[in-house]
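Two complexes come next, and they have one chain in common, chain A, joined by chain B in the first and chain C in the second.
What follows is the complex of A and B.
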């Protein structure tokens, strides 16, 4: 049942800019470094003995912001697909459980963001090769820097998806989305428990890997809470 | 013959207000059931509960003799619906819109061509729906509802906002369904004339309460008919008729005959002519269904 719904949902998001956004996000993150290194490559290479690590940390400066921005835009796009002609009443009257409907929406977005993370990895490696940062390529770190923020951002995805899907007034997800992006932008100065800080993986109290586990744990919790609330609501 | 839909003392409460109050629907198999009521009477709320879009505050719903609360998914496999404005994905083509739903129902791809043919949209199958007229969108909505060959079709105000030719077209389509596809149809409307032309049984709802539920013939019987005569002197004429034992009444300068069989009317006219009254007009005054409907809903409101 979930497979059929997923195929149906992937068909619905055609021509809506979902895939474009999935490519533009990671492209933008690496593009920031093409500007950075394009302008002052010699200076940047002098900053550290380990050029690859330094490059990765530079790339990672923009990853959380792009990720949260992407989540905010994708979740409200997702809601708009069904809200536009109130297709919810047709969708919920299908012989599928409401839980599956919610799971399908979440899975589609999680999959798109996973693709974006994969692209980020490829673009990062690609530009890294081009910059000729040395033969000692830290593949493990490249993978970590590409996928850890994604997993750490799952709670953010869960909460923004819930807000977007249950809000009657689209002003609500827009407002919370802007707040979420601002929180991510200034995450350095924020308390560690705020989930919008997690994709940055900088944290006074735990290792990045622990944030990843926290991301999965709270992601599941917030997902379940959102789904149960969605199921409970009447479709009007 | 069994009942396809049966609701038992169905109630839906929003805060203090009961939008649906104690509704017991009984819709027999193979009927086109007209669900009538003024705007805001609770038709759409009832229909949303029938589709499991809303939960009822109390009461039960049985569709195909299965409890909707327990076997919602099983029931919905055999129910097609079009609730209020059609739902569609404007950025997709008609064919893709149907494909979105076909994937979930798991019916063969050939059904898409078939239903597009039924609603006569085959020529525009590859066009984006946002370019469609309202009538075409409505027909697409019906195509979506028919896609999985449902046993029960629920249509909420399917002719809303359509032009007369669109209304006629939809009406013809709905009329065909029970015979050609063995479907039971529930169709709601606030227009009695609309229901009068397609329904075989009728339920009338007002302010959340059911005020009438029976066959359309029985509703028509409520339409008591008078024969009205316009004569030269209505007061004297009606008295002359009364004297001879004809149930006549003078009103607004006309003579009303309650007995309206051919024999009675011709007899009354003969009497008047013999008595020297001039008879200008003899016509049937049909109390329209609208009148009955208004009388029923008003009577309920007071």
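What follows is the complex of A and C.
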């Protein structure tokens, strides 16, 4: 059942901009550094002895923001796919459980964001090679900086999928998203329990790896809470 | 739509209250310090992003169930529909800016700032930020009329707004980047002897120029839009 739903969801998102956004997100994050390094490469290389990790931290300046905004856009777009044609009723009338419908939507979005993280890794490495930052390439760190923020953002994905799917007015999830991204932007000053802070991997009290586990744990919890609420609601 | 107006001022108030201006030893009027803190997330991200959300909201009813058809069958011209929606949007942004001014005053009062309230300067900042938003609202209104959903116009908005974080730091790109103007025109560190915090030429060419382009494009698009 889930396999067929997934196939139909992947079919529904075709030619709606989902894949385009999945590529634009990581491309934009690295492109920002091509401008940054393009304008003042000499100055930036003087800032630290370890050019690779300095470059990675520059890239990572935009990763959390792009990730949170990407989640807001993709979840809202996912809701609009059904809302625009009033298709929820037809979808729910099929012999599929509402839980699987919700799981399928979540899986599609999680997969798109995973692809975006993979692309981020490739683009980061690619431009890093081009910049010629030294032969000592920290592959492990590149992987961490590409995938940790994604996993740490799973709770945000879970909460936004829920808000987008239960809101009639998509202004609500988008406004929530604007608040969320400002929290991410200001995360330096904010308390550690805020899930919007996690994708920035900045945390006074724990290792980045712990944030990853927290992301998975709270992601699952918030996913379940959202799904149970979705199942309980009437479809109109 | 009303609660949306309070989101930005609330964020700004929170930023202001979190700032630790008492710890900073400077000769500067403490209100400037506070303002600079509050402007950062507000003018750099909130205002440009919110321009998109408000435009989406103002087109929402028309996108539902043939609303454009009903609206345009009334004895109104398409040009006036576009213009009225635009004017309503910038009036809304003005209300948000006034609430922001209130938030600055409130945060400063809570922080017990003893320095005199620099009314003139803060007005400059509030009005400057408002004017800098004009072209972005025009673009977003066009995008919101083009797409039925909220997400696609918002994506366009995000793609242009995020780079302004870098752009405003650059002396070469910053002045020419329309999405960075709300921050530059609200930031009190700029050329203060001018009417606004950025030179007149920049206001006229970058803000005025992009306004003309976006407004004309949106207006023309709406003339031909099939409903």
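One rule holds in what follows: the second predicted complex is superposed on the first by the 236 of 236 C-alpha atoms of A that agree within 3 Å, B and C clash if a C-alpha of one lies under 4 Å from a C-alpha of the other, contacts with A are read in each partner's own complex, and residues count from 1 in each chain.
Simple rule for what comes next: a residue touches a chain if its C-beta (ideal position, glycine included) is under 8 Å from a C-beta of that chain, and two chains touch if they have at least 3 such contacts.
Please read these numbers as outputs of a predicted model, since none were measured by experiment.
After superposition on chain A, the partners chain B and chain C are accommodated together without colliding. Rounded to the nearest 10, the angle at the Cα centre of chain A between chain B and chain C in the chain-A superposition is 90°. Contact with chain B, but none with chain C, is seen for A:235 once the two complexes are overlaid on the shared chain. Judged by the touch definition given at the top, the superposed model places A:65 against chain C, while chain B stays out of reach.
Once the two complexes are overlaid on the shared chain, A:84 sits against chain B and chain C alike.
When the two structures are aligned on the shared chain, A:95 is found in touch with chain B, with no touch to chain C. Touched residues of chain A were counted for both chain B and chain C, and C has more of them. Of the two partner chains, chain B is the only one touched by A:11; chain C is not. With both structures placed on the common chain, the touch criterion links A:179 to chain C but leaves chain B unconnected. Minimum C-alpha separation, chain B to chain C, in the superposed model: 10 Å.
Of the residues of chain A, those at positions 84 touch chain B in one of the two structures and chain C in the other. Looking at the complex, you find that chain A touches chain B at residues 4-5, 7-8, 11-12, 14-16, 81, 84-97, 234-236. Chain C contributes residues 4, 7, 11, 15, 18, 41, 45-46, 49-50, 52-53, 56-57, 60, 148-152, 154-155, 158-159, 162-163, 165-166, 170, 172-173 to its touches with chain A in the complex.
Contact residues of chain B toward chain A in the complex are 48, 51-55, 73-77, 79, 81, 83-92, 96, 99-101, 103-106, 144. Across the complex, chain C is touched by residues 17, 21, 24, 28, 32, 35-36, 39, 62, 65-66, 69, 72-74, 76-77, 80, 83-84, 169-171, 173-175, 177-179, 181-182, 185-186, 189 of chain A.
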